[in-house]
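Each of the two complexes below includes chain A, the first together with chain B, the second together with chain C.
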Partner chain A sequence: MAKAYKPAITLYSFSAEYITGKLSLEDCLREARDMGFEAVELVASQMVPEYPYPSDAWIEHFKELLARYELEPLCYSAYIDMGIRSDRDLTEEEIFHSTLNDMLYARRLGFKFVRSQHAISPAIFKRMQPYCEQLGVKLSIEMHAPHHPDVPVWQEYLAIMEESNGQLGVVPDFGIFAERPHELLLLQAVEDFGCRREKVDLIVQHFSEGLPQSDLDRFELSTAEQNFAEEVYKNHGPAQLEWLDRLVPHSFHMHGKFWYLKDDQDDSGIPYKKLLQRLSELGYSGYIACEYEGHHFRDDIDVKDQLQKFVRLLNSI
Partner chain B sequence: MAQFQSYNKILVCQEDGISNIVVNGQVVAYELKCRYPSYRGTYLSCIEALELYVDGARVEDERISLHLNGKIFPISQLKELFSEYWFILDKGTLRIWQPGGLAEGEHTVEIRMRHRIPYTGYFGEYLVLDSRDEKQLEVLRGVELDG
Partner chain C sequence: MGLQMRIHLRDILQKNSLRNYYLRGRVEGFQFDVLLANYRGHFLSTIEQLEVSINDQPVPKKDILFCLNGKEFIVDDLKNQSNEFWTIATPATIKVRKPGGLEKGSHKVTLTLILRNPYLPKPGSTQPHDYIPINSSDEQHMELC
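Let's look at the complex of A and B:
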């Protein structure tokens, strides 16, 4: 079966290297190009100086860099920073204007999509549609764990997307399909939170065998180990492949989230092979932006090696 | 479980050291550099507390100002600054008014920051992090602000 989806990269994958100064924005773009990526996603509040109002000079600089490294600007990723004020949450009007602002700058920088977050609310999301048409920028909401298509607000969002003439969509984050905790989460539990490795393994094994969490009561778990068990049970479960059937028609691009790949065969937490197979069958032809997120756990892992393994996994279907 | 704590180590900037500030022929203050401890930038209003400890002793907020975006802010003002964005690569300068500055040599500098993650509050409850970083900083120079 012909593979239709294409790999892209979110520069967020380089967070650790960028923040510690090992890679500049230009270095990140060069690395992306050298690894064969053709399109990039940018987390605006991470890499745009003077965000949320990038200067004309920076806009020119960024466009020159994209041209130099022959990269397509795919998505300008925005947050709903509803809590920036100390006295109250942002109002609907303020969120509307900040989203419109991000859309306008995305357009000026050449991006096709703006990614927003579910906190935008159905009312504001719907209100953005005519501005998408005017500005030539589509707006999407990231579907991020613990959300999934059956969450009530997402039923509303999916209905709004359906009626949006293709202007409003979703960015599914593959973290929603996490079946088991990833390796770095286990290491963090042991190294940072003082869990005993044998107890961590016991909890994961218990969970993987489908045994109820209450069965763990008979083992003398420390508070840290109980917290770990809670997180494992709350945040993981069998991947629902049919979610893809409902998301693909509205997906502008997707987030190929991963934390740590031992090899390029599959991810230990997210069953990528099955999911990619399904995407191919569904004929999804958009981008999957590779999103390495291990940097929240460790900074001694070779990000380039991780990304290359992930691309080989994507290309293996 | 702790989230978003992996960038705490950038809070105190060691390589910039400490500068004693000279005005009118006298050392009136000292300065050091700090960064926002996250993977992305934020608004200064999200900083709920910023505490500085030098050689184990708390420095009173009243003697500290934060210099960023070409402006100077007292600590007590930060909570109101929801239009001042702190870019993640930018270093802020902490200026501490202290006659004589700091003595030559190394000093233990600790910063504790309590900060709100502004996109996490779906039901009015925001994730508020306590970040902390401590490093040995050397007095590297005197800086004349006269003229």
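Let's look at the complex of A and C:
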């Protein structure tokens, strides 16, 4: 039997608990271990206390924590903070150096991958390859909605990955496969933006049946409801399973993005069952890092319960 | 002000942090602690606006100090601090020079704190260096400790 993909976790899933001080970094690692995860992704600018230059003492401390909780350091996630200077955007040289800095610290912390962003530019991305080889740290770019493999710059990125001797890759975020808005987006439209629930349901129903957006004109929608409809139509569509065929060969790991699972059968917006089936057929054997993002919308949802549901969904294939 | 980010899962102005501070044995002013309303940290150079009012009286910019990582910065120097990182777990202390400090009791503290989100350009913007703001402002009635 072919090797199967494995669940990992990005500690970003614990954002709400970390931000409110309910969980420290060590608590997050312990929770990850207790839930059965074996590998972790860390958003460096979120949880590294001395980012971007963690001290020797902290590096030792973090490695001890990983050893104590028997966790593999999978990915050190970085940003392309183009706008940190107040007078201008960073130059290519400066972006190169900040990416290299993140790779150097990732190596010291034992991470296998650094995840960057599409703003890195094809030229700088390509330029990192020899440093990946030298440091033993691979560099990937997250493919996050609204991006997808047919976006022109991604055609360039995929070609560069193809030629990179396995050093440069992609982290597909499953949000790119969102077919329908998730439940928390509907709640937000009602509770925060003043949309009427029946109109929200009507818009989603209308969209799901493939009816054109212009047909909504006859429903006397409020401005907030029109904005919601705009967002539904702009950001969702049938999941293109064949994107996986093109991404799997270059995927170092993936982001199992989700916002809210009612149960462990499937996600209401992202057709995980179909996608996971396809991944299995393609023989993808890397990690899928569970990425709970419901904290963007609500802070009254049990993150552990959500993560456990998601892992059961991953393991059901 | 259009699209902006604000992750408001916790208090920004920190309860029980308003107090008078001393310099050379005298009350030099008052101070309070602030956390960032975001899910990740940022460099201090991304701070675009920092203003304080106390009991509806605006504080002159020259009287404000932003204190982090054991250092004190005047407001006009924050824009140069592109190596000084403010993590989401670290409260910054805002000091306001006001000889004699504040009287006992409750005071209305108004903080205007706007940062650039340095990796998120405004959607559709064709300008360089045009980023979505992070709004970390807050207003609280705080008890002097």
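Going forward, the second predicted complex is superposed on the first by the 314 of 317 C-alpha atoms of A that agree within 3 Å, B and C clash if a C-alpha of one lies under 4 Å from a C-alpha of the other, contacts with A are read in each partner's own complex, and residues count from 1 in each chain.
The definition used in the following text is that a residue touches a chain if its C-beta (ideal position, glycine included) is under 8 Å from a C-beta of that chain, and two chains touch if they have at least 3 such contacts.
Bear in mind that the values here come from a model prediction, so they are computed numbers and not experimental data.
On the shared subunit chain A, the superposed partners chain B and chain C overlap sterically. Of the two partner chains, chain B is the only one that A:F193 touches; chain C does not reach it. Using the contact criterion defined above for the overlaid structures, shared-chain residue A:R88 touches chain C, although it does not reach chain B. Of the two partner chains, chain B is the only one that A:F297 touches; chain C does not reach it. Once the two complexes are laid over each other on the shared chain, residue contacts for A:N227 go to chain B alone; chain C is not touched. When the two complexes are overlaid on their common chain A, residue A:Q265 makes contact with neither chain B nor chain C. Applying the stated touch rule to the two superposed structures, the overlap between the chain B and chain C interfaces on chain A comprises residues 12, 15-16, 18-21, 43, 45-46, 48-52, 79-86, 89, 117, 119, 295-296, 299. Of all the residues in chain A, the ones that touch chain C in their complex are 12, 15-16, 18-21, 43, 45-52, 79-89, 117, 119, 295-296, 299.
Across the complex, chain B is touched by residues 12, 15-16, 18-21, 43, 45-46, 48-52, 79-86, 89, 117, 119, 188, 192-193, 227-228, 231, 295-299 of chain A.
Chain B meets chain A in the complex at residues 1-4, 6-7, 10, 39-43, 45-46, 48, 79-80, 82, 85, 87-90, 116-122, 124, 126.
The residues of chain C lying in touch with chain A in their complex are 7, 9-10, 39-43, 45-46, 48, 79-80, 82, 85, 87-90, 116-119, 121, 128-129, 131.
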